[in-house]
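Labels run A, B, C and D following the written order; every chain starts at residue 1.
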Amino acid sequence: MPMATRRSALAEGWSAVWAQRSARWGMGIVLAYVLAALFAPWLATHDPVHQAVEASMQPPSAAHWLGTDSFGQDIYSRLLYGARLALAIGFGSVLLGMVAGVALGLLAGLAGGRTEWAIMRVVDGLLAFPELILAMAFLAVLGPGVDNLVYALALSFVGPFARTVRSDVLQVRAQPYVEAARLMGVPMREIVVRHVLLNVAPGIVVQAGIRVSIAILLESGLSFLGVGVAPPTPDWGLMIAEGRAFITMAPWIAGIPGVALAILLVALNLLADGLRDALDPRSGEAR
Amino acid sequence: MDHPAVAEEDVPLLSLQAFSLARGKVDVLDNVAFELGRGQTIGLIGESGAGKSTIALAIIGLLRPPEVALRGSIRFDGVELTGLAEAQYRQLRGNRIGLVFQDATAALNPCFTVGAQLAEPLSRHLGLRGNERRQRSIELLESVGIGEAALRLDAFPHELSGGMQQRVMIAMALACDPQLLIADEPTSALDVTIQAQIMELILERVRARSASAIFVLHDLALAAQVCDRVVVLYAGQVVEVAPAGELFAAPRHPYTRALRACSIELGQEQVLAPIPGSVPGLEDLPAGCRFAPRCDRASAQCAQTPPLVSDGIRSVACWHA
Amino acid sequence: MPNRFLAQVGQTALVLFFVSVASFVFLKLAPGDPVSLMLGSDYNKDSYDRLFTELGLDRPWMVQYTTWLGNFVTGDWGRSFVSNEDIFRLAVMQALPVTLCLAAYAMVLALLVGIPAGVLSALKRDTWMDLCATGVAVFGNAFPSFYLGIVLIWVFGVGLGWFPTLGFVAPWEDPLEGLWYLTLPAITLAAWYIGLIARVTRASLLDVLGHSYILAARARGEGATRVVWVHAMRNVLMPLTTTLGLQLGGMLRGAVMTEVVFALPGLGMMITAATLNREYTVVQAGVMLSGLLFVLVNLMVDQLYTWLDPRLRRLA
Amino acid sequence: MTKIDHRSLLAARMAKDFSQGRRSLLGAGAAAGALGLAGIGVGSAALVSDAHAQGQPVKRGGTIRLGWIDALDTLDPHYTSSLGSIKVINNVFNGLLKVTWDGKKVGFEPDLAEKWDAISDRVHVFRLRKGVKFHNGDPLNAEAVKWSVERVRDPANKSQHGYHYEDLSSVDVVDELTVRFTFSKPYAFLPVALTGSTGRAGTIVCRSAIEKLGRDYGRSPVGTGPFKFVSWRENDSIVLERNPDYFEKDLPYLDRVEIRLIREPSSGVAALLGGQVDGLSLVPFQFVPELRKSPNIALYGQVEGNYSYVGMNNRKGPFMDANLRRAVAFAIDRDVIVKQGYFGEAIPAFTPISPPMAPFYDPNIAKTTRGHRLDLKKAMEFRKKAADQGEVAPVYIVAEGFTGSGGSGTRISQLLAPMLAKIGVKPKVELSDRAAWLKRRNTGDFDMFDEAWIADLDPHETITPEWSTGRQWNFVGYSNPEFDKLVGEASDTLDTKRRVVLYNRAVDVLLDDAPLAMLAHMKVFKAFTKRVRGFQYVPVDLLNLHTVSLG
């Protein structure tokens, strides 16, 4: 069967992804979240930071579809606005970490020898650092603010990306077709982009999918430790952290954002699995 | 279930009647029919994608509902296989029917030693244990021409050469003296020098047991040498069945003739005539005779599917044969 | 193979050195210092200065680091500023064993639940069972550990009273009691890994089932269970080990939150408290230990992986 | 336990109504914000332990398990700043006097000092109990008291509680069991300073142990109290055991005390309800209603001597303008703060003087016009007079109460936002961890912050060191000579009536300048299971186990 050319592979990849039922579910949910985040102002029923003192800690009702938190703020509206931050922090930090990590991984994988050795020891150092502490210390240095939070989280993703990309690159580099390309005089730069990067793509995409969920969990952990997003910003991680103190009286305060986060993470994983199955040609053929 | 009581000569060991197989909406096999007598060898010939391997897997029961939909019948040694319960079918596999895979390297589990994988059919079907089983395994390896068999037993597949691995495959398939051996292109993954040896080995082992064999091949000339009869497949349909020699000498179906034309013969000066176009994808199968688009004698009549007409010895499915 | 081992020891030393420099610099740059915390609201300039100099925090950074490193290497890990406790005793004798027990117990639970869930969702691919098995498994790691911990405390601890929700009994002293105390924290920590293990098992099982040797095994008459659990799973172990090796670093992230919620005096708690108090000597000891743990785990995983993969086993 | 009728003698000698005011300025690292601390009750009678009331026979022995959710720093009384530590210290040490509570008023009773002769308003002679020994066997004599007081007083040791003895010129050993204090000026605050842990400076420590252990003394204290120190496992637990030769007869009843250190407040409450601990050192506000309802739990607590406030930087930034500060003070709806910030477990604060400071506190201040209260009209008036008429965005530094003081770390800032928006003040909230927050507060790098001064019993300790010019805890940099004069004068006179007048005027000056905006006086709770008997509640955030037994 003739090897499909790379360009059409991505197009064909997407249709393959769509073919998988679970991936379809995943993509649908993620899309719903993105839309909710974009159209939050129109979908929300209340101003997310409006405190209705008399209506604090109310269970879901007609007035407040998903209940209110300990300040009387409407949880449904905060959930929508919170989606913005969750996606921004989640995808932002992962993309940043990915770019840096992939660059490091590629460099290490391709350069080999002393540079690879040095880079991998730096990466090991990053990985050896407990993620939460790395983020907390780095945030303490940078000072408060969501942008600093994204940098802090991104730092703890550089390690894993670099590591997986490097091992993928080493594997791909050994493949005959890369050697063949080089023999045909294809410049190294183009080889890296066309052959190595595209073959490494499935691994990166799956990593990214999983990492987004880790990013949001880490951010919630930071709120738990008392650093990170400043209240009253509507943010899932903060809502869960703040809600923990009212778990017996008003479990929905932390429960609802928790469930929202859980559904997003399930969707991301389904999407990631779907992408993995679709973009990884070998698994497709063997079926 | 041991051998069935009635084993007359004339009842064929294996017979496929109007056998069709569909995977989802795609009809992979359409109305396949042929018979295999005891001690006989038959070859399934056709370009890749014609459904040769599918037939092999269907016979041994590795392609069954719910993955695929079956119609028609496969009778083996008097037993209807299409509806057989999985528990019974499992007792056939590796015991009464052996399968040799095309690429032995991929068909041997990298994490287990040769001995461990060889021992499986022996213990499951013949109940052999311990030393007796090990002794039997060594004999089997020696019977397929593997030297220092005892050493090889504890080796991992990646430590053997391609040819050696193929021999192990054969030993495994023949471990329980099956009545039917199916060899799915057993030599195409090997280099030419070893191909002949392996093919010779299989034939010799099959004849030694007066077992029947199905060879899945894509080389008409090889089929002619090795098989008693040959079935030609095109896009999931049987287009011609005939004794090997006659088929090779006087192919009647246009597709078989075309196949004959592009197989190289030593000492013959000939211009190779590749068949124009390629096997149609299983999704967009033309109505009627599926070879029509590539057939030089195609006519309006070919729009209807030609029946398989038999004259007692040969049969062909073409309005103009 | 001594030279490979020596190389790895060398690498470890360099990694830990890098980690210690990074944590030192981070904590020094971070605003706030242990002394202002110790004085709390009773802050006054002169007690601040006294303590600041007494603890040697006024020396130039370079001096502070090199003295710390010099002592650290010779086994004197110094004393914590706030509690004046010997850090080696605190970190190695007290905090490390707690985290190790918790992590081990959690990993066992995660494997016991994660692998079957992964196999189920692989075998029943794209059916409702696959979706719900993946969903449940992934749901486990969708909640931050601290929240999951608190829910478990209130449901199983206070509500049903099945498990203690607080404190630590050393399993090496009293195994039954120790494990009983560690059950809820272990579940909290394991939840994260169940999802991960299930997903990796599903993916690699699907991949392995596509190979011909599975078909060959069935062709030999092997039963479905044996084909999956012997032939297929044996090959799934390899990718599973590599992923777990990479992910074990994250174990401490979960441990930090779990230990805080369950009041377990582990490494995670120690490092977090010390970071918040800007006690750089304690943080460095903790991070060095977690770094060492991380590297050792990776070495172990490499060895396990080499043993698992026959092709490599013969080379090593 | 016969009580020598010393107090009336002292009361007659010192002043007509020797109302004991004193302070323990604490702001424990743990108490940033409203988890709050101790003061004296008003109205709701304290729960005096039941067993003793009915005279049931007390069951001796047993181990009590307690949950500590407020953080500890050191167990060295002269260097601790955490109330979490003080609750432990008060079970391990004694002072010359001790604080008691009869349900209505705080009292001072002899502890190590049997007799207190006030020769004049500057010279005091104390006669010590006989036969009292430290846990390591050293005798408790005049020499030990002198050494201990000098340890705190000596500037070289730089104890943060040294200021108690600023006016102490000398401490002399009269004889084996008699010691004389000579002050340069009358010191109305003395009783406070001399009580055990709450006074910190007055706690008597063991010289030989300190010389042997040095800084480790804080991790293995040796005192004279009812319980001896056994062990402290970092981040895990502290264990105390019974001091067999404690000088109070038959006490203590318990054999052993296990204190679990818990960082996550809700886990602590869960442990209490789950029966894993017999008591909690502190109860987060939001759990109080639930514990009140639970039949198996006894809750001790009421409004104590504290106040929470919003500090505004007088040195730089928008709040240098007094009118803007005044606008903030009158824009805050304290009922919402009480209901949402402290879940109803507090009362609005008009002035820093809290209800327990009986003679100084005016119970019907609400009816007067004194102090800060919600008055939007007045707030807008001040706002219009303010220099900057545009929208003001002051930097509001907050820190979550991770160190155990519950979730109120950022609650106040969130509740204030809508209130201040009405007067065109939209604070920019900056969250950081406690270390960074303390650094910014101590160095004035903020425009606003909120905190609480806790466990005070006397106006002196609750406003003087916080708002006098140049004092260490005057973080906002407030300075008003008239205020300094008034509080200085009030500290030097013993006549309570005169002190009331002076403090009222000082408070009015302070609140008019409004370097702070008053918030609330908080209730502080301890909770025990019904199994625990004989706990004597003292509204100064103490958890004395002397008389506690397990039913």
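Operating definition for what follows: a residue touches a chain if its C-beta (ideal position, glycine included) is under 8 Å from a C-beta of that chain, and two chains touch if they have at least 3 such contacts.
Since the structure is predicted, the reported quantities are computational estimates derived from the model, not experimental observations.
*Asks:* When you take the mean of every protein CA atom shown, which chain's own CA mean is nearest to it?
*Replies:* C
*Asks:* Return the chain whose centre of C-alpha atoms lies at maximal distance from the corresponding centre of chain D.
*Replies:* B
*Asks:* Where the CA atoms of chain B average out and where those of chain D average out, how many Å apart are those spots?
*Replies:* 91
*Asks:* Taking each chain's centre as its mean C-alpha position, how far apart are chain C and chain D in Å?
*Replies:* 40
*Asks:* When the centre of a chain is set as the mean of its C-alpha atoms, what distance in Å lies between chain A and chain B?
*Replies:* One centre to the other, that is 50 Å.
*Asks:* When the C-alpha atoms of chain A and chain C are each averaged to a single point, how far apart are the two points in Å?
*Replies:* 21
*Asks:* Taking each residue of chain B in turn, which ones touch at least two of the other chains?
*Replies:* Residues of chain B touching two or more partner chains: there are none.
*Asks:* Of all the residues in chain A, which ones touch at least 2 other chains?
*Replies:* In chain A, the residues touching two or more other chains are 136, 140, 143, 225-226, 244, 247-248.
*Asks:* Quick check: what residues of chain D touch more than one other chain, meaning two or more?
*Replies:* Within chain D, the residues that touch at least two other chains are 266, 402, 432-436.
*Asks:* Following the definition at the start, I'd like every touching pair of chains, please.
*Replies:* The set of touching chain pairs is A-C, A-D, B-C, C-D.
*Asks:* Quick one: which bits of chain A touch chain D in the complex? Just the residue numbers, please.
*Replies:* Chain A residues touching chain D: 49-51, 53, 56, 70-72, 136, 140, 143-144, 223, 225-232, 242, 244-249.
*Asks:* Which residues of chain C touch chain B in their complex?
*Replies:* 211-213, 215-223, 231, 234-235, 308-311, 314
*Asks:* For the complex, give me every residue of chain A touching chain C.
*Replies:* It comes out as residues 20-22, 25, 121-122, 124-125, 127-133, 136-138, 140-141, 143, 159-160, 163-164, 210, 213-214, 217-218, 220-221, 224-226, 237, 240-241, 243-244, 247-248, 254, 258, 261-266, 269-270, 273, 276-277, 283, 286-287.
*Asks:* Note which residues of chain C are touching chain D in the complex, please.
*Replies:* The contact residues of chain C facing chain D are 30-34, 36-48, 50-51, 80, 82-85, 90, 94-95, 146, 150, 153-154, 157-158, 161, 164-168, 260-263, 265, 269-270, 273, 276-278.
*Asks:* If you look only at chain B, which of its residues touch chain C in the complex?
*Replies:* 57, 60, 62, 90-95, 98-99, 101, 103, 106-112, 117, 120-121, 124-125, 156, 158-159, 169, 172-173
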